[in-house]
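Before anything else, here is the set of structures, which you'll find just below.
What follows is chain A paired twice: with chain B in the first complex and chain C in the second.
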Partner chain A sequence: MDSKERIAEGENSNWRERKDKLFFGIVVILSFITISPIALILYKLIVKGYKQINLDFFFKVAPDTLQAMTAVRNGELLPGGIANGITGTLLMVAVASVIAIPLSILIGIFLYENQGKQYANLIRSLTDILQGVPSVVLGIIAYIWIVQGITKGFSALAGSVALAIMMLPLIIRSTEETLKMLPISIKEAGAALGVPYHKIILKVMIPSGFSGLMTGILLSISRVIGETAPLMLTTLGSTAINLNITKPTSAVPLQIWEFYNNPNMIDLVWSSSLFLLGFVLTLNIIAKRISNQFN
Partner chain B sequence: MNENILQIQHPVLSISNLMIAYGKDKSAVRDVTADVKRNAITAIMGPSGCGKSTLLRAINRMHELYPNIQTTGDILLNGESIYKMSTTRLRRKIGMVFQRPNPFPTMSIYENVIAGYDLNGSKLKKGEKDAIVESSLHDVGLFEEVKDSLNKKGNFLSGGQQQRLCIARALAFKPEVILMDEPTSALDPLSTAKIEDLLVELKKQYTIVLVTHNMSQAARISDNAMFMYLGELVEYDKTKKMFTNPADSRTEGYLTGKFG
Partner chain C sequence: MKSEKITKLILIIASLVILLIFAGMAWAMIKGAYPAFQKFGFFGFLFSTEWNPTEGKEAYGAMPFIAGTVITSVLALIICFPLAFSTSLFIAEYFRKRRIAIILGTLVDLLAGVPSIVYGLWGFYTLRPLIASLGFQGQGYGIFTSGLILAIMIIPYATSISNEIITMVPNELKEAAYSLGATRLEVISSVIIPNSRSGLVAGYILALGRALGETMAVTMLIGNANIIPNGLFSPGNSMASVIANQFGEADGLKLSSLIAIGLLLFGVTAIVNAIGKIIIRKFA
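Let's look at the complex of A and B:
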């Protein structure tokens, strides 16, 4: 009896050990499979793109075809950079943020406040649907609303609106989830001090969930910053730096597309892609840092 | 009406025919009438789910935060109906301390104590704030322990210290009444003893209404005690009298551990 039990136990621990090893192996393989595409992409971009990344890359606009052709013929680096794209991207992301952040935080608070209510569920479902709408469709919507309706021509504003619509569902959900994670006891503490409801939300709940909200915002920006299709339909592009939101404007992903279509500018495709990926990765890392701090 | 309801001169709180239901048919407090004595500790006891927290929260209208709550009857604070006051004014006069310490996580110790003023947008001078923070922390016996870290967040404090911080936050308004819902049930025995001593000290200046599951705590520190059962106020008397000679067989059953 006694020894039988012991044997059984021995077999058990043996099996457990083997199971542990098996799991460990599977985890290693899966991690490798997950990491390898991003590692390969980064490697390729760095090898092909690093040469073009210099001061001019950040401070000059893209070269014209003749300049590029000359440089290629002489075996030189392409002159110029993507300053028009960087400024355009920053401008459009900034305008999109101004539109999307307050609106989606308000909607997120509304959803949090109305848990289980039917109209809140409806809005939540609509938000999910919005998240699934292809970005090119949002581009068409922004084209109709803004390009045709307001600016009467391609404009940074139209691009911003398309990007803002893409940001909405991400920030709405992260706001709601963040607020739901906060203990209800701090809300009660505010109420017990006679603090009016809207002030509890603004001065207690939002600051307590600040890093959660920040994470959501950064992730939504990193999600839209590389969008190309909706920008083609709305802001078109521009060879010069433009900071007027009613005018056509360039953006980094648009420039990548333009470079790609010009056989002489292939080198700039790599460096611009490297820049864009680096930017997105940095945003993601910052978001991760902030959310770790939060937990 | 129950014969055993205490007769109290010039009560600070006067609850009359209070009925509270969650939704149409989920009655939680049934026809409670009672006066609360000034500068005393009044304990509310009773088995789980008998309506203690609901009654307590009704006193500063915190129960209105729940949806579909139905309330009838009245509560007078110094003769004035609490339903005629704004909740902001009411809750300045009737503070509340919760079961688990709940300091505001983003605020420093100093900001926590003064939060009631700051969050309500009161414009106080720095000196006035300092004085309020210092005296409130003094009153809860925390000042010496935290005076060098007033600008740090309170999360390094022990549970007992955090609970005293929350009491200080409630005291900052110099309220008439402090409501406490099982304020020591999440604390260790040593912190509990400290808070009990503090409450006995505080009743000189304040009126305390204390929900407790801990019968020996009620016996140790309360002057009067209510016993609730299924939403009814079954018995309300001097604590000594209730513990030595309960009038109702249900009270006796609870106090002798037959149920609850």
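Let's look at the complex of A and C:
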């Protein structure tokens, strides 16, 4: 190798190293750009929303336009809060959970018990498809089934059904995945002792996989609690606290939409979004904690 | 073993609910959409660009919304790709299992938790004025702003799958390349990417499926003009947005047309998701 070639090779490897460093730099920069929105969103919501968060915010219903206008003109805090939304959200999520949780755990167990069978594969594929259905389409379905078919008008029940269908695939898959991770020996030990099948499910499988199931349930709730579009099509909203599932009901995301469309209520948009986001993120973090302990 | 039979029966009945839901969905949507398809014809409805609710001259077509949905989603995918791919490399390759990677991964997961309407608000009050101040479009509404917010929203879905796929690349292959003197970048481009290509593609297809059905954030940013967008900064409307915006006060033929758009949206997302899932299953 003469000296010329050696220099050329040196330059070549130099260039390769520089390219490598450059790429690494780009990866780091783009990665931080990727996560910047979460910080920017939280910052904006906290700065703009904290001052409306007080006791009234949780215990009073939303102000009417006149009250809001007067407050805005006088430069005061907006009166009232989002009590009608909070109660509505809790009501609808509770009803949706009652429908979705037992059903999806049963289906998850069914899929686990019938690995490799054609019918179970069909159900699994349909569950996957269901998970991809846009929430607004589920709103249309719940509208046709419940609003037109059963309650003959917008109702909390219709919203709950839409949310329940959203929760189903999430809990089904997390149930199946959790059960798959359990050692099969604990199930066999139960069977060897002559424990009936339903008791193995209730007393062995579900308790052993409890934290996994809980993670799936919490994540599914955090996923549906901020849903707006399906509720616009099904529960419409309400200015008063309503706990009757056959009547139109408000929800926190619906109120955010209403405040957004009303220039006088803009301050309440930020605080109710902050509340909603805080609630969702807390649920997410709790779910992660539980699943980390489990693993 | 009577109780065992009963338990199995209960499980089978529970699984039938999934079939029932699908049958009920198909029945409800097709029945609801039928008047619109009957009036305009399936292809007439699909390709018409008219959206006229004036009584007596009612005419509805899905094309502007299909165009809006497809363009914003593909744009979102293009913007999302470099960001999501870099993040995956950061988490699953460069800083694998290190504290900083775990923190970054948690933050990306949190992005998935932000409700659509909160993204919409942030987009409306932060992104939109930014786009407007850059002088691209008067008020900052339109295809580009919607694509940008959608890109941020689908990043967590794209990264979570890419992370898993990149982690699955066998260490021996990477070590072999390093021992031949390859740099990190060369390992990424000639070992990691070729070995995880189809899995990565599937991840981005599934992310696209998410983008197609996103509603609120797009509704607040796209400008809600029932036209086929004629440029990157043109206002438009998407399938999900037109449903969210007009469903409340719709009845008769208009309601049927909106349900028909919902049916089309359901079909498109189901196909896109099925393709993604099939690729992933082959890969795994």
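As a working rule, the second predicted complex is superposed on the first by the 262 of 295 C-alpha atoms of A that agree within 3 Å, B and C clash if a C-alpha of one lies under 4 Å from a C-alpha of the other, contacts with A are read in each partner's own complex, and residues count from 1 in each chain.
The criterion applied here is as follows: contacts are C-beta pairs under 8 Å (C-beta built on N, C-alpha and C of every residue); 3 or more make two chains touch, one makes a residue touch a chain.
Keep in mind that what you see is a predicted model, and the values were worked out from it rather than measured.
**Q** In the superposed arrangement, which partner chain does A:Thr34 touch: chain B (first), chain C (second), both, or neither?
**A** second
**Q** Would you sort A:Leu77 into first (chain B), second (chain C), both or neither based on which partner it touches?
**A** neither
**Q** Check the residue A:Ile186 against both partner chains and state whether it touches chain B (first), chain C (second), both, or neither.
**A** Touch status of A:Ile186: first partner only.
**Q** Which of the two partners, first being chain B and second being chain C, lies in contact with A:Phe210: first, second, both, or neither?
**A** A:Phe210 sits against chain B, while chain C stays out of touch.
**Q** Looking at A:Ile53, would you say it contacts chain B, chain C, both, or neither? Reply first, second, both or neither.
**A** neither
**Q** Going by the contact rule stated at the top, is it chain B or chain C that touches a larger number of residues on chain A?
**A** Counting contacted residues of chain A, the larger count belongs to C.
**Q** Which partner does A:Leu90 contact after superposing on A: first (chain B), second (chain C), both, neither?
**A** Touch status of A:Leu90: no partner.
**Q** Answer with first, second, both or neither: which of chain B and chain C does A:Val195 touch in the superposed model?
**A** After superposing on A, A:Val195 lies in contact with chain B but is clear of chain C.
**Q** Using the superposition described at the top, list the residues of chain A that contact chain B and also contact chain C.
**A** The overlap between the chain B and chain C interfaces on chain A comprises residues 196.
**Q** Can you check the complex and tell me which residues of chain C touch chain A?
**A** It is residues 1, 3-4, 6-8, 10-12, 14-15, 17-19, 21-22, 24-25, 28-29, 31-32, 82-84, 86-87, 89-91, 94, 104, 106-111, 113-122, 124-126, 152, 155, 159, 183-186, 188, 206, 209-210, 212-216, 219-220, 240, 243-244, 247-248, 258-259, 262, 265-266, 269-270, 272-274, 277 of chain C that touch chain A.
**Q** Residue numbers of chain A touching chain B in their complex, please.
**A** 183, 185-186, 188-196, 199-200, 203-204, 207-208, 210
**Q** Enumerate the contact residues on chain B facing chain A in the complex.
**A** 60, 62, 65, 87-92, 95-96, 98, 100, 102-106, 115-116, 119-121, 166, 169-170, 173
**Q** Give every residue of chain A touching chain C within the complex, in rising order.
**A** Chain A residues touching chain C: 16-17, 19-20, 23-24, 26-31, 33-35, 37-38, 40-41, 44-45, 103, 106-107, 109-111, 113, 119-120, 123, 125-137, 139-141, 143-145, 165, 168, 196-198, 201, 222-223, 225-229, 232-233, 236, 253, 256-257, 260, 269, 273, 276-277, 280-281, 283-284, 288.
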